[in-house]
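Worksheet: one structure, shown below.
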């Protein structure tokens, strides 16, 4: 393996891990409510920008991070309660427009209260490059990977082992049946939005030291997260994570070996290609339509 | 002569046989019912016959032409029309427009002419609307002509679907549980309606749970059980068939 | 029924049309502006707008211009050139402005040039591309140094350090694209050779792949990055991460303290061409620019409590050029004001000393640029 | 007589023509004309997009891509390199877009719901990236200037003349769309939305009709892109971008899906609103986002259909 390849791989995996977390957020909400939340990217923004602003108020880093994540979770729940829930019977496109409206609103608020400039979070544990077989990474790359792994493990434990997790899954399979067996589906939806906001916020915070952040950072990351979720097959958690990693690595490889000009087009070319041959993504269910 | 001939028809979903090695024939001008317990594969059979599903194995021939694997709209063109167990009404359209969609095959599809609203189109459209109204009255939904489909009752929609299917002027009409969810009076009305349709020369294939209705109007019956043919014959023969009695009483 | 709805719609449209036509203000001098205050180029538009507002207020507090109050009419383009066109039409047609100072990005400026030319309104652009004033358009001027000058200044410095082979990396936004084109054009003049040419998107968050490619290109003597926004900061961080020990040059697109803040200690040793404004107090007392830049810097930082950038400086220069020209013309007659701007001589601004002429609507030469190096988290002049 | 006036084709069209004729009386300057022209351009594109999204039920989040290809093709083909006549360029561009749409429609239109949204979004973004990147042809992010429009030796001069051009185009497209919707083709299209399987068993070749409407709507967007490029004399990649696509679909959904006059209303609102919010400076986005959300939450069917239902109920 050449040094360049290894370097591209590291770079791809780091950014891919972010896409994966955001994609997982999309998948969780989609699973629970069949809604695509175009405001998902704003959770990334809220996580990182709120941390920046709490730090500026003089709070220690861990407190700032906790508060920022909490803020994102609350925002996510408010979004569900006041914007998505009232429109639950509306058309797919209508809900898309509502969440787009929400994302404009959140971006606007961030711009008013946190300003328009770019910010960098300090790295969690220094900036000294680490050399691995000739390729170099910074400690923050390891943070991104580590935190992503922990979160993915926690989420999968949550869905398979806890009551609330199972209830979310049940709701996603059949909301009416879930209601019948006594699951409070409203709470479940609220919870799903909160959880997905948490994932977005965490993703935003762990990459901000590498990528910098601003009130606009959510747009592109949100879109790529959506691509990751669809690539994996909407609603599949594993799919979203694999999808995110594939996108990140493909982007880095394309920039390295093909042309950096078209790097941003790569995820979209991949998704079109995949959808052309696998209309429900990599891990999507391919059931026959019932009539 | 037989209008529809099915031989060795098989459909599997993920290894499970929904229909297994099924063969039967339907004669022109008859009312042919398919009965069987829930999950026997009746709706799957309809979906296979009308091209909504593609058979895993076996052949379907319609008017002597092999049609297995053909698309629904191709089969419609050949004279096959159907209704659905779970309503498939276009709720974004008015009742009469739903029936007018049923006449699709008899209309011009030139988009340019349509956009320019050429006289040929308007003339044809007027005739189509009249025919649709006529059909709505025929099935007994005359009072809903200007109503939006989403404002109609379940029973009315069931009959609207039949009107839409008839609008195509089919040779064979497949009705999937036309009486499901209807009360006694409504069922009787549908019973009468099916008889009327058959009298007008259309071959009818029927899936129905209401045994009284089925025994009343059917010329032939096909009994399915777990995707396989259990019995076949006239109502009288079926009534006395020990296997059918066992299956129905045993269940 | 539908008709009623449609008529209501029409009435609503008419009312809104009346609304947006704005109230015709009394006898004021109107300066129009359209800036990218939000959007990806907001770090340009934001300080520009703040500067314009601050100094227009100041002028008014000091009694106005030609005895009249100055009114600033501003619209936010969010960096969208199509929006810029609509707003410039609004400025010219609806607000009847006497002159326009604005256009944060080259794309927005280039898109409105046909409009101001046909409406014959003096326009001082705050955007970088050389194409804005080359060829010269009668009504269009600009204050920022061109990207060509930046490239020339950088290559001059590289040449003086004996470099031969240059690796270029640039953003795919308007600024980076235009800079890349200019750099490729002028590089030959300095006997340098371009051996790598990489790009990154305006919202990209990782450039290690591109830099790895450059790192593995043989014989590179120095790296030049043309871009603005957060991109150059990430390039700088990634460059440090990869342990590349070649000299790194940035363009004038990073000339604000924000860059040092974002890139952190990775920015140590980075060189860039920039206006004297960034050095302010460090300038020798002999410099004619020193009093101007120190004054602007102090006033801006006091009022807004944030670090000054050269972009705000461009707006300052644009406004002052306009004010001086109106004073000189003694009226707001558009042709007279235009002629007055064109005859600007020895205006000492934050960007340098401006000498305009009919052939030169920028009026700056290479001496307006200094090569700076970042040391200990601050700008220092390279001797 | 009154019955006829109540119908969208007679009453609605008359009202629209009346509005178009009366509006210039309120215009004080060419900026007002410019805004009206932008409304007309957006409305026309939104109507054609509504045929696809509102009537046929196929989401497209990449329509600005087709608009952009039309605009750029016209800019390039009429430019000095080629020197084509604008009308030829416009038609060729639209045909090319039609072919492009036809080629991608096969795999794309098999998709449903969010998958279709993703695919169209991706397609639009790829088009925008190509336009931004291939600067030798397109001028890159800084854009390209466009030759003025000449048709049979006539060339619209100034906003007032262009206003009439675009209004005629708008009225024509309203008329054509209303005709189409109320025809066998239109019913087939709407049936695809209402119930794809019902349409199929009624003999509707759903693939054909989805493709037809997708291609038509793409070609229409391209034509409008060309026209608007000639009007503004300048094109930048923004017009092909993701934000423009979202803006167009928002017009359709906000105004009302499956409503021709809804699309126009959406275009009016989304064009005027930003102009009216300019005074709010930093709060512009907040207010805009809020209006968008509240409208859609409380009127999920969009403004025109919701208000119509209210009025009808009031009348009954």
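In this document, chain identifiers A, B, C and D correspond to the written order of the chains, with residue numbering beginning at 1 in each.
Heads up, the rule we're going with is that contacts are C-beta pairs under 8 Å (C-beta built on N, C-alpha and C of every residue); 3 or more make two chains touch, one makes a residue touch a chain.
Only a predicted model underlies this, so the values are computations on that prediction, with no experimental measurement involved.
In terms of Cα centroid distance from the overall Cα mean, chain D ranks first. Chain pair with the larger contact count among A-C and C-D is C-D, by C-beta pairs in contact.
Averaging Cα atoms per chain gives one point for each, and the point farthest from that of subunit C is the centre of B.
With centres taken as mean Cα positions, subunit D sits 35 Å from subunit C. Our note on geometry: subunit B versus subunit C, Cα centroid distance of 71 Å, whole angstroms. Remark: subunit B and subunit D have CA centroids separated by 40 Å (rounded to whole angstrom). Shown for subunit D are the residues that touch two or more other chains, namely 133, 197, 282, 284-285. Looking at subunit B, residues 52, 84, 88 sit in touch with two or more other chains. Shown for subunit C are the residues that touch two or more other chains, namely 37-38, 172. Subunit C makes touch with subunit D in their complex at residues 1-7, 9-10, 12-14, 16-21, 37-38, 75-76, 80-83, 85-87, 89-90, 92-94, 106-107, 110-111, 114, 129, 131, 172-174, 177-178, 181. Within the complex formed with subunit A, the subunit C residues making contact are 37-40, 42-43, 46, 172, 198-201, 203-206, 208-210, 212-213, 216, 229-230, 233-234, 237, 240-243, 258, 261-266. Residues 57, 176-177, 179-180, 182-188, 190-191, 193-195, 197-206, 212, 216, 258 of subunit D are the ones touching subunit B in the complex.
The touching residues of subunit B, when paired with subunit D in their complex, are 50-52, 71-73, 75-77, 80-82, 84, 88-93, 97-98, 100-105, 107-111, 114-117, 121, 124-125, 128, 149, 164-165, 167-168. Remark: subunit A residues 30, 36, 82-83, 86-87, 89-94, 96-98, 100-109, 111-112, 223, 226-227, 230, 234, 261-262, 264-265, 267-269, 271-272, 275-276, 279-281, 289, 291 touch subunit D in the complex.
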